[in-house]
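When the chains are written out, they are named A, B, C and D in that same order, and each has its own residue count from 1.
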Amino acid sequence: MSDEVKSADLAHLIGEREPIVNDFQIIIATVNGTGSQTANTVLLRALFRMGIPVNGKNIFPSNIQGLPTWFTIRASKDGYMARRETNEVLVAFNQATYAQDIAELPEGGVCFYPEDWGMTPSREDISFYPMPVEELVGTIEVPANLKDYIANMVYVGCLAAILDIDRDEIEASLDFHFSGKAKPIQLNMSVVNAAYEWALDNLPKTDPYRVERMGQNDDLILLDGNSAGALGAVFGGVSMIAWYPITPSTSLIDAAREYLNDLRRDPDSGLATYAIIQAEDEIGAIGMVIGAGWAGARSMTSTSGPGLSLMTEFAGLAYFAEIPAVIWDIQRVGPSTGLPTRTSQGDLMMAYFLGHGDSKHVCLLPATVGECFECGWRAFDLAERLQTPVFVLSDLDLGMNLWMSDVFDYPDQPMDRGKVLSAEDLERLGRFARYEDADGDGIGPRTLPGTDHPLAAYFTRGTGHNEYAIYSERPEDWLANMARLGRKFDTARTLVPKPVVDEVKKAKIGLIAYGTTHHPVVEARDRLKQYDITPSYLRLRALPLEETTRDFITRHERVYVIENNNDGQMANLLHMEYPELASRVISLAHLDGMPLTARWITEAVLEQEGEH
Amino acid sequence: MSDEVKSADLAHLIGEREPIVNDFQIIIATVNGTGSQTANTVLLRALFRMGIPVNGKNIFPSNIQGLPTWFTIRASKDGYMARRETNEVLVAFNQATYAQDIAELPEGGVCFYPEDWGMTPSREDISFYPMPVEELVGTIEVPANLKDYIANMVYVGCLAAILDIDRDEIEASLDFHFSGKAKPIQLNMSVVNAAYEWALDNLPKTDPYRVERMGQNDDLILLDGNSAGALGAVFGGVSMIAWYPITPSTSLIDAAREYLNDLRRDPDSGLATYAIIQAEDEIGAIGMVIGAGWAGARSMTSTSGPGLSLMTEFAGLAYFAEIPAVIWDIQRVGPSTGLPTRTSQGDLMMAYFLGHGDSKHVCLLPATVGECFECGWRAFDLAERLQTPVFVLSDLDLGMNLWMSDVFDYPDQPMDRGKVLSAEDLERLGRFARYEDADGDGIGPRTLPGTDHPLAAYFTRGTGHNEYAIYSERPEDWLANMARLGRKFDTARTLVPKPVVDEVKKAKIGLIAYGTTHHPVVEARDRLKQYDITPSYLRLRALPLEETTRDFITRHERVYVIENNNDGQMANLLHMEYPELASRVISLAHLDGMPLTARWITEAVLEQEGEH
Amino acid sequence: MGIKINEIGLERNDYKGRPTTLCKGCGHNSISNQIIAVTYELSINPHRVIKLSGIGCSSKSPAYFLGRSHGFNALHGRMPAIATGATTVNNHLIAIGVSGDGDTGSIGMGQFKHMIRRNIPVLYIVENNGVYGLTKGQFSATADEGQFLKYAGLNELPPIDICLEALAAEASFVARSFAGDPTQVRELMKAALSHRGTAVLDIISPCVTFNNHEASTKSYPYGKAREEPLQDITYVPYAEPIMVDYNPGDVQVVEMFDGSHMQLKKLDPASHDPTNRMAAITLLEEARVENEFITGLIYVDEDRPTFREVSHQLETPLVDLPDDCLRPSPEALEKVMSRMRCCH
Amino acid sequence: MGIKINEIGLERNDYKGRPTTLCKGCGHNSISNQIIAVTYELSINPHRVIKLSGIGCSSKSPAYFLGRSHGFNALHGRMPAIATGATTVNNHLIAIGVSGDGDTGSIGMGQFKHMIRRNIPVLYIVENNGVYGLTKGQFSATADEGQFLKYAGLNELPPIDICLEALAAEASFVARSFAGDPTQVRELMKAALSHRGTAVLDIISPCVTFNNHEASTKSYPYGKAREEPLQDITYVPYAEPIMVDYNPGDVQVVEMFDGSHMQLKKLDPASHDPTNRMAAITLLEEARVENEFITGLIYVDEDRPTFREVSHQLETPLVDLPDDCLRPSPEALEKVMSRMRCCH
């Protein structure tokens, strides 16, 4: 039966209300460890394949099995990727939370639930769709241990029927999920079909929500930021990864392992041309990365807050001894162990200043999976060019959730290995001073261990040193070295990705955001239009800051810095960096573990502007 | 022979030039590991006992034996305690550096040197005093292994003769140094006397420098900041110290061990009523401190930059789980291992924000040994009242050098053990919520392990929690808890030591300093008077900041923040804290390993003011 | 009516904690239950106990027992430091530490070693499952060499032996057990709670979600099939008389520091003497070579003093000292000052 | 005229470093000299060597030898991580790590253990003096129990045994020596440099400034008086033939991974077999009990593969791979993308 016909059949069932098409949010409430992930991602991908802008977010507990977990899928014809506070369509698959889940539905909302619970609809103002889960699963031949798991396909089928999701796309998504393995695809699909047919015959549609195919998504992909970052690192030529498991960073390493296994084997021997070391802890991990970077390999680690804390001392060493390294921080909620499975932008200040004494670091701030990919390779160019650790600050929302993206572009420039002197170079130059600023960019030349030349060797140390890397306590040497590091940091300003500016003519106010906060800001700007507020927008993509940002602030009377942390850390950095402009820089920061929403931002800005 | 007569005898020898009395700086250049410390401190103490304001600074290498080391003694009739760049009187006791040392003497300077080297005076414009060291030492009965050591007493004797230092005070100082042990006192004194006599007979005085007794110093002491801090901690009732050796912090623990051994033994059994644990590293040290603080004991650690870096993760836990702890950071030059034996104020920013996520800490900023003593005990009151780690940021200059101070005042208030509920309290209240803000000060009540009541127990964790310390991932709980921590931090603002303000009527500019930078600022303000610049002065004594500082900045057009680090960290914090005033807050920061001088500050301010 | 109560009038329920959030069947849950049983049976007053842990599924478990005891879920691998600090200032507390193989064997190796070296009085339980449970199944330092796991792939590094590491650091009480052998776990826990210093209990505690297949030496099937108890252990509280109902040769009686006893019924004639350190080390090395899964008491030394004792520290808990013992008198300060005064 | 040069035409001076700043007579200086002698005699090309260390007097010493080799004076206790990273990406480098007893036994315990577990190819020297030299004489974790020091007072904790710790972590080469026995130090170093994985050399290296009194087992007087060498060791380079000039029973020949040999002339009949791990462990435990100062080769296993080998990593150093091997082709990316594309 073709989609057209089917939807026609359904049409007459729809109540009086205007249909709402491709513009609502689904929330699926389940118990973790029951395998609902497959069902949820398949639903998400099916909508994606229908060309509908979608974004999925997994809101899961720090636990392995038995606790409540939610998955939201937002379909947005306008292409908004941010989370929304309200969910119109609920799949109540968790008995422990359904009362609360239902209570939170807006008027006119929808609730799918297992009729097996024998629960009686508690609200008049929403559409209830009972689902005979056990019965439907019972009709299919399933190994006992898969029953719970497969049961999730029942809601996939029912949603498909009621919301008009194309079953071919569901099948295609299952095919993608099980990378073509016929058996599981067929098994899951049979449940989907059974549920679908049953729903068509038994559930008169009483709600206005449905989806419709939109333009093709041919050049789009659906991916999580951690996979994208890992892939980027692989195309950045990473050779050594040392890490220690921690949520939400682990999946970046898992992805890197798979990609490297595919793409970095020696054709003849089949041996790995890379190394991945699961270290004993994060101190070991970053130490290994620094050792490898010192020896000349592109090496990286990935961690989250607690691990970053443990890397503090080594970060200072790498900064001061000037050793390239790439450190990904997939931010979760802190302080301390905090909320390990919730998202935040709370490590910004720490990463920027990581280490005792006076140290400052280059930080990249990806906002999309596309930028995760780009940071993946570009971080190495920056680290080797600047001979310094580069921090990539992603977060749980970007790293672990599925986002739409254009296909990734191949790096548009060859690898920049920085100033490395070969034996030939040394022969030609006849001299070598490791920390000499010959080019005025603050960057000295380095040599790699194993370079076969009597001049090649130098002694790397975290202690005070002169241009020849020789230990020195002389005040002049210390001053000169710190001054050079300052010049190098200024060079960094010119090399890191520039902010993206969307200037609105005559706008009095501006917004500044970075990372995932970008998505709700885009939506919030549209909402603010209704209030005749049309702020300019600057999205930061890196630290240290450069002139673009200063100029942007200068051109506006008030600049709101929107971020997902408690203390307004980026606003603080802007105050420090531009004291003369600090009075116009206003912090709008909020952190409760959830990604920011357009609503919160809109209201925060309105409240502020009300005061003006 | 009485002082009067003697100085009379000397008088006629003095050249044409005006005598310069009690206002010059001596520098003693030696090789480390040769035991010149005794000689130097004895000299310092002798002048101190003569009632002359003095300050001594030991400029030593990160090494045990054989490298150059310098000791400067400044006599200042005006009572300035800061280092000065120029040294008028040199004791050239190190062959490796004497050429340089002599070259650095100002015109009219003085040089004492061992004639044994057979060196020929290289400059006309300074007074040279050769000393027959070997010959003089030869005349005395000394065990061979003490010869080098005792040789240092030769310059003590010669300086005494030429500069007119009272030998009785030298003897008294030796007596103090060897706590009354007759043999070493007599042995050293005999060399001093021999050299003294010889100098009187053989060295015609050709320089203008001399000392004269000034008013009595009866109620003054001469002490290093680490000893003062340790003593303060003991009078703060510290019961547990866990530490790991690191320069320049080690001597604080050594002093604490001695004081505790004296003052904290059980009268009956003679057993220790305290514990000192040399941990395996700084992570262990702070962990032990937190464990002890959680269990209800006043516990502390002391470290320096690298150790502080390692404490990052635990600092975040203590902040978020709200456990009292006291951490001393005797700052040395960073980044990284940096200059382990040089002073700095470079850990300020790091200590304030130590930990990932959004954490902020209470920091005390002692400027004098008296304040080290006070911080020693007050830090515990603050830590237990606020249930949070308190950082005391001293530095190498304050911690390891000898400073004059008034005798210390006994704590003016009983120990504040904070909100601790006993079994009786629980019985009375009938309920217990660990993180409930009943009093509106953001501080909840705590119970100690071992409290014999069914309600007493709670579960301490670094993960998100509700008022009952129960694990929670609910956004509302997270927000509420962080909001309460914010209120608690505001309470801290009201409890930490207030800044010391010296307001100058109608002054357009103000200076802000903290810690040891205070001393050169005092002198610089006097110097600036000559240029009709009379800035007001605010000395910060703690973080977080409070209104006094905001008001001070508001009252002045330009405020210069003077500090001994590279990045102007306190200026940065002020920019963050007071964005609306940031444009008037100007950073004057300098770090080369040496304490700041009045000259540098004066010139820096003049240069800035020139621009205005 | 007639709810069982123990000597101090508490029910078993008074020793329970919050409902577990660990997976059904997780070995850690069974260990939590043994802790509840043991503390109940020994009539330990919950308020005297502190529950300490690092980070991991294992480290979560203290929330699931002894709800009336103070708990401290610290940082990954850092529980030994917390235990050291807390017991040093209050040695009357009974410290029960729960860690995991990752928490102890990987990130925590250093602190584990030095806690043992100081002989800090704590029952230190390693819930050893050969994987990182909470982070979803990576290999830990105790994973079997050559083992394959769905997510982590193949492990080609040799496992560290928690017990051997403990012995190398001069542990005074070392035992190994199996979550599937609750009786032995209980008797060993009782003895460990009577021990003078650090008691290391390496309990194989299967992770049913990530590492429970036969091939794994940390699985239930393997444990059930292969466990070789060294002794039949009976703990005899101080109060009760020891009755040796078989000929002395077959039983070894170990007197614990608090006067209670362990009765060790030897299970084979040429059996192990747990008071002999050399024998203990050899035993472990042989078991490694033969890959035998031996359980029971491996080593005990009740004579080794604790850190507090070697530090000549007062027996009274430091936290119980009145403020005036903590802060010396004004006279004391005056004395110190006068010694320093310019001209005394 | 006739300056001695080695096979690759370098003088002994080419192996020297900057002048030492350590105390006169410090054991560490003599060890530096042996490193210079050994690398010179073995004609090792200095540019192939990397010198790694942590923090301490011992860790300063790499500045004082092999001035033509890259050096990395890292962080306190963290040199093993640096060694792991550097050798993993360039296994053609010859890594010489110098650490101290504090650097390894206290703060560095965890990294030390896990480096050994991975069998990272590095000659890991512990210059063991029982104190923290650079911070002026506190006790380290290897200090003698019951020892008294001027500044630190009395040590009442048992020492950890670097060699036993190494063995527990499955070290494949473990030896102990004495800075006062340069010949043995040299032969052991040569063998260690031919070893496949981690070679742990625990060298008692007296601190003349803080811990050199007779009573200390880490002093020259004690070492001179009490050293009991296990074997008479001769290293035979690959090139040279082994000549067994005494009856086989008295000599044990160990073939190293690179084809060179160690000739171990047994010094007493019932002597130690360094290829037997159990024997090695027992030997150390006996020495501890009897407090004997045994030196020599304690354990060696040339069959244990390195981390690179078990990781199935290419033999070619990763740093030598051309950029186009590092960055996969545009086609490769296109292939990955097409798999992800919405509708492939």
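As a working rule, contacts are C-beta pairs under 8 Å (C-beta built on N, C-alpha and C of every residue); 3 or more make two chains touch, one makes a residue touch a chain.
This one's a predicted model, so the numbers in the text were calculated from it and none came from an experiment.
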Does B-C or B-D have the larger number of C-beta pairs in contact? B-C
What whole-Å value do you get for the distance between subunit A and subunit D if each is reduced to the mean of its CA atoms? 44
Compute the distance, rounded to whole Å, between the mean C-alpha positions of subunit A and subunit C. 41
Which residues of subunit C are in contact with two or more other chains? 75, 106-107, 109-110, 113-114, 118, 141, 307, 311
Can you list the residues of subunit B that touch 2 or more other chains? 62, 280-281, 306, 313, 317, 336-337, 461-463
Among line, ring, star, complete and other, the chain contact graph is complete
Can you name the residues of subunit A that touch subunit B in the complex? 61-62, 305-306, 308-310, 312-313, 316-317, 319-321, 333-342, 344, 346-347, 349-350, 353, 355-360, 461-464, 473, 475-476, 478-479, 482, 565-567, 569, 572, 575-576, 579-583, 585, 591-594
So, in the complex, the side of subunit B touching subunit D is made of residues 33, 62-67, 244-247, 250, 254, 257, 278, 280-281, 306, 336-337
List of subunit A residues in touch with subunit D within their complex: 48-49, 51, 172, 216-223, 231, 234-240, 242, 259, 262-264, 266, 269, 271-277, 279-281, 283-299, 313-314, 317, 377, 407-408, 410-411, 414-415, 417, 447-454, 456-463, 470-471
Any idea which subunit D residues touch subunit B in the complex? 21-24, 55, 57, 75-77, 106-107, 109, 132-136, 138-139, 141, 151, 153, 209
Please output the residues of subunit C touching subunit B within their complex, sorted ascending. 18, 45-48, 50, 62-63, 67-75, 78, 80-86, 88-90, 92-93, 110-111, 113-114, 118, 307-308, 311-319, 321, 323, 325-328, 330, 332-333, 336-337, 340-343
